[in-house]
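Look at the two complexes coming up: subunit A is in both, with subunit B in one and subunit C in the other.
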Partner chain A sequence: MARSRIKRMSALSGSLMFAPYLILLVAFGVVPVVMAFFTALKPSMVNPAGGFLNYLVVIQDFRFLPALTNVATFLVIYVPLMVLVVAAMSLLLDAIRSRWTVPLRAAYIVPASISGAVAILVWYFMLEPTYSPYGDLLRAVGITEGSQIWNTGNLVWIFVLMAFFTGAGNWIIVQYGSLQSISDDILEAARIDGANAFQIGLQIKLPLIRRYLIYMSILTFAAGLQIFVEPYLISSTVYPGLADNWSLNQLSYSFAFQSGNLGASAALSLMLLVICIIAALIAIFRTDFFEEARPTTKRSKKAARAAMPAGSAI
Partner chain B sequence: MSTTMSTDTYAMTTVGTARAPRSRALNVRRLPGRIVTWIVLVAFAVFSVVPMIWLVLAPSKTADELTSLSPFAFGSFDQYAVAWNNLMLFQDGRLVTWIWNSVWYTATIVFISCATAILAGYALATAPLPFRRTLLMTTLIAMIVPPVALVLPLFIEVTALGIYNTPWAIILTSSFYPFGVFLAYIYFSTSIPKELYEAARIDGAGEFGTFWRVALPLSKGLLGMLAFFSFTATWVNYFLPYVMVTSGEVLPLPVGLGVLFSATPALNPGIGASILPIRQPEIALAGLIVAVPILIVFVASSKLLVRGVLAGSVKS
Partner chain C sequence: MNKRLALPLALMAVFGMAGCTAGSGDAGGGTPELLIWVDSVREPAAKAYQESVKGDVDVTVEVIDTAELLTKISLFNTTGSGWPDVVFAGGPNDVAILADPSNGYAANLSETVDESVFKSYDGANDWCLIDGDYYCLKNDLAQSVLWYDAVVFEELGLTVPTTMEEFATEAMKLEGTGYVAGAIGDQNYYASYLWPSGCPMAAADDSTTVRIDPDAEECTRVADLVQPLVDAGVLDTRSSFDAGFLADVAQAGKVAMTFGPSWFGEFVLRPESSWAIPEGHVAAAPMPIWDGNDQAYSGEWGGGIWMASSHSKFPDAAADAVTYLATDPELLADSVTFPGSGPAFEAWAERVGSDPYYASSPVPAMVQQATLINPSEKPVRYDIQGQVGAVLQTEINAGTPVAEATRKFQESLIQLAPGSGYKVTQ
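After this line comes the complex of A and B, so read on.
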């Protein structure tokens, strides 16, 4: 009797404690999606009938395919690059076992503070030979002014560079953290068996952090899919028009704020959101990362260790 | 050479004596590999810090010195003041408003997001909540979906609510912090022994009493972690505030920086000569003001990041 009363009381007070977050979750997590769903059915100038035709309007827009191609190319380069470099760098960092990893780690984290608008500013100067610390290097390959680099064909590489630079350090530190949690016994056993550092890295450590790398690639993919700030700022300020509607999110923004077609904008946003939700579901159910997000499982502890907030990678 | 030696010595002292003889025996054969490793690690570190060093030094030079002096040359301390005063000429010191906006928006968001997240995470971990699994699953999905994905849907909602172009459009929408809930949930369900809650409850502390007197005092590390991620995500956020507010006086600093890009010829000579002396050093100083708080927080917390979000609590 007393037990069940305690239980009921704690369910009640637990619900009260959960309530403030629940309000935010519903108001700014669920409601906007529902509203966007209905907005996406609204009629517009281009599509007076409204309804699901809005989705078709988006896909048939002449800017859609180029934007899709851009973002796809970006992701194909960016995600594997992140996984490879982050895996390699964190393995190397873990291999040296030296106190010098402290300043190295501090150095790797520095670029994380150069994101968004500041990234545009910094990379403008880095790629402008008259200002850049890499000026000699740039001139050596025949680049005398920044506008030679900032052209349509190179954009994808520039955005990969920016996103990689901002995100990689953070992830190297986090993956290094998960490498540190590998028990010394396992490594010692491998060493006694005659494995060298290279073999230990590739055949022991790498499989053990595989799960974190998969999780990271899903987050990186989801964040990369939503790329907006870099192409938008570049073409609205520094090089006007250079990367107009370069990404899908920019197109969605244009629908809403330039064509006043909120329906198409919501439709496109929802399409991108659905892909991200699928990615999230894969991360939750198809990787063993959140395996039983239940109390007291060892796994979820490790999940928390390597988890990073979504979007922080870009 | 001496570096390699001393690091090996260090490794020996830290990992214990059992491995010492082996590492010494292999030392010579391992040397080339170690040298390559160090070169890669140091090169990546240099690549990482060069842009930041440039950004720190840029406002110490005049616009002319920026091109004539070496990129890593230091101009003078006075130039920082000159650049600041020049920035103040832009719309009558608008920059100060932007900085202040960023400070109070971020502080409010960090407070609301951390408070709601720690309470919710605690409830998820300890109380028999109705629909617990659904709530947890929704939170996990919301945590993995990048916040950017919701910006345009949120814009539709914010307009309907009538808070468009007010600070609350940014503050409320940014305070939703599923990642924080997840962190708190994991922390409270793995790092604090269940018996501790049970004991407090049986002593009649009640759920709130247990949280306040038992759980919270044990959660300083968690709170630091929650505040860290909330702060770093909020301080530099561009897209969401850019869409949510439009008037100059309510913009936060990163959006204001974007305004400076387009309103001055510093990055875009095509805009034409401006009457205001806002050129490259001034714009670099403005960028530096955005980046420095993040830089300080990041470097100060890099240890925390390595130890994982469960600092000190997981010894596997």
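After this line comes the complex of A and C, so read on.
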């Protein structure tokens, strides 16, 4: 009897603790999605009947395939680059346990303060031979005109650069946090067994923070899939039109506000949402992301607790 | 769910609230209230209007990025309230979207503004004429003219061309001298070459049919004329605003001539931070004629417009504001742009025409071209300016042959137009 009361109490307190999040999830997650679903059925000039044909309108639009290709290329470069570099850098940062660690950590966060509109300006000035502090360097490799860098073929690399330098620093600190929580006992044991620093990093530490790297790749994938600010700003400021409708989100924006086609816009947004959800589900269920920690991974559970607050702040 | 996902979704939520329409309501008594949206350049003008009607009309002026005008209006259309009473649009094409029944923002000014206002500068407001009614007033005309450096012309023994063949011949004389005949890697190629020639890119017959023809002679002949000049290095493929072009060419005084809109003189050639061409150099000539055209036409690059809201509770006050902002002589005399109304223009011409900066007055050439903007191009609902940047400019900057760049640009328009409800003919 006492046990069931405890059970009820814990269910109640659990619900209470979950309630604030649930309210926000419904208000700003579920309701908009439902609304978007109905908006996606609205008629437009190109599809006066409306309905599910709007999804076809999106896919058949001449800008859809190029935008899809752009975003896919971007993701193929950006996500693995982030995971690899962030894992490597955080392992290195963790390996250096000296008085330099604190200033080093600060240094990783600095580039993250340059985001969105500011990143566009910074990179424009860096990559424009006339203004660049590295102008001589650019000219030395034969780049004398801005258009040699700022052209459609290079855009994906430029956006990867921008996104990488904006995001990597924060993630390095987060992953460093998860590495910090690995118990010294384990590392000590490994050392006694004769593992060198390289083996410890690759075979002990990396597997223990694996699920946080997965968590990170889901978030970077979702963010990358929705790339908008960088191409939108570059097209509306320094190089008019250069990256017009470059990404799927930009196309969605054009549908809504250039063609007045809210139906197609909502349809495309929903397609992006579905891709995001599928990607997240694969990452979660094809790995042990949500599995309860077994006794053998007790310490990684501890690491989870330590890293989560930092991760959820991003 | 992460934040970047949340924003578009929240936006979609806003779209969803279409149900509750406010309706325009009755004006009733009391002081009329107007909300005016302008860009930062037009803010002093709006403030001047606010001052001039103080006590009679309660005017609020808000500065917005006019690139976001369509976005904001369509959000208000969905929520059914919040529209500004008067707006300035930097993209003259916006009138096609805002006056279309599918949007319905722009008020029919023929009902509220006196007929004489529309006619105050010969044909200038024809752009605003949709199905026989006026839906906007032109703030300024951005007709192209031939800007040239009189000092360089004299030094090199060049003559001012009157036909496009002569233009090509004179430009070719610059080969090897380090001088150029302008830059074509931006909207200038569209506004000062393709449009004057009469190349069909937005040749709307009515609100549902548009002619876009990549094979038209008016299009192909432009590339044929321009390509040899590009190959010879006398036409730059960068933008007139490109940092490299400014430093290497324009500020070095190496532009012998260039086509450009009427605002090029005050806004591009003159300022220190721009081309910085010194006093006594700049002159303007009428556009050369394309062989086979009946007139030496111009195109237009910019040329902003004023519109009133069809949802305004005070339609007469809104119409008065639009009229004042588009026509007041005192207001427009100091503007950098060529006013789109007669009396305002005269005050402006007096100031610019007597300015010692110019080698000779550029006003006569501008006046001649003001009534010669090629009427083949019309406001259309698809984003032609966007495609100029996305395709035409990008391709030319990247060194694509001009003919191919132009064709790609027109083909993108052919694909884009049906999405805005047009049937494309050739």
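Heads up, the rule we're going with is that the second predicted complex is superposed on the first by the 248 of 314 C-alpha atoms of A that agree within 3 Å, B and C clash if a C-alpha of one lies under 4 Å from a C-alpha of the other, contacts with A are read in each partner's own complex, and residues count from 1 in each chain.
Throughout what follows, a residue touches a chain if its C-beta (ideal position, glycine included) is under 8 Å from a C-beta of that chain, and two chains touch if they have at least 3 such contacts.
Since the structure is predicted, the reported quantities are computational estimates derived from the model, not experimental observations.
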item	value
Subunit A: partner with more touched residues, subunit B or subunit C	B
Which of subunit B and subunit C A:W157 touches, first, second, both or neither	neither
Subunit B versus subunit C as contact partner of A:N261, first or second or both or neither	second
Partner chain(s) touched by A:F52 [first = subunit B, second = subunit C, both, neither]	neither
Partner chain in contact with A:D244 - subunit B first, subunit C second, else both or neither	second
Subunit B versus subunit C as contact partner of A:T144, first or second or both or neither	second
Which of subunit B and subunit C A:S235 touches, first, second, both or neither	second
First (subunit B), second (subunit C), both or neither touched by A:V33	both
Touched partner set for A:R97, first subunit B, second subunit C, both or neither	first
Common ground on subunit A, meaning residues reached by subunit C in one complex and by subunit B in the other	25, 28-29, 31-33, 35-36, 39, 130-131, 219, 222-223, 226, 228, 236, 239-240, 249, 252-253, 256, 262, 265-266, 269, 273, 276
Subunit A contact footprint on subunit B (complex, rising order)	3, 7, 10-11, 14-15, 18-19, 22, 30, 33-34, 37-38, 40-42, 44-46, 48-55, 58, 66-67, 71-72, 115-117, 119-120, 122-130, 135-157, 160, 172-173, 175-179, 181-183, 186-187, 189-190, 194, 201, 206-208, 211, 229, 232-233, 236-239, 243, 254-255, 257-258, 261-262, 267-268, 270, 280, 283-284, 287, 290-292, 294-295, 298-299, 302-303, 305-310, 314, 316
Residue ranges of subunit C touching subunit A (in the complex, touch as defined)	1-2, 4-6, 8-10, 12-13, 15-16, 67, 70-71, 74, 78, 97, 102-103, 185-187, 238, 242-244, 246-247, 381-383, 385-391, 393-394, 397-398, 412, 415-416, 418-421
Interface residues, subunit A side, partner subunit C - complex	25, 28-29, 31-33, 35-36, 38-39, 45-46, 61-62, 128-131, 144-147, 151-153, 219, 222-223, 226, 228, 235-236, 239-242, 244-245, 249, 252-254, 256-262, 265-266, 269, 273, 276
In the complex with subunit B, residue positions of subunit A that touch it	6-7, 9-11, 13-15, 17-18, 20-22, 24-25, 27-33, 35-36, 39, 89, 92-93, 95-100, 102-118, 120-126, 130-135, 165, 169-170, 173-174, 176-178, 180-181, 183-184, 188, 191, 196-198, 218-219, 222-223, 225-226, 228-229, 233, 236-240, 249, 252-253, 256, 262, 265-266, 269-270, 272-273, 276-277, 279-281, 283-284, 290, 293, 295-296, 298, 300-301, 303-307, 309-312, 314
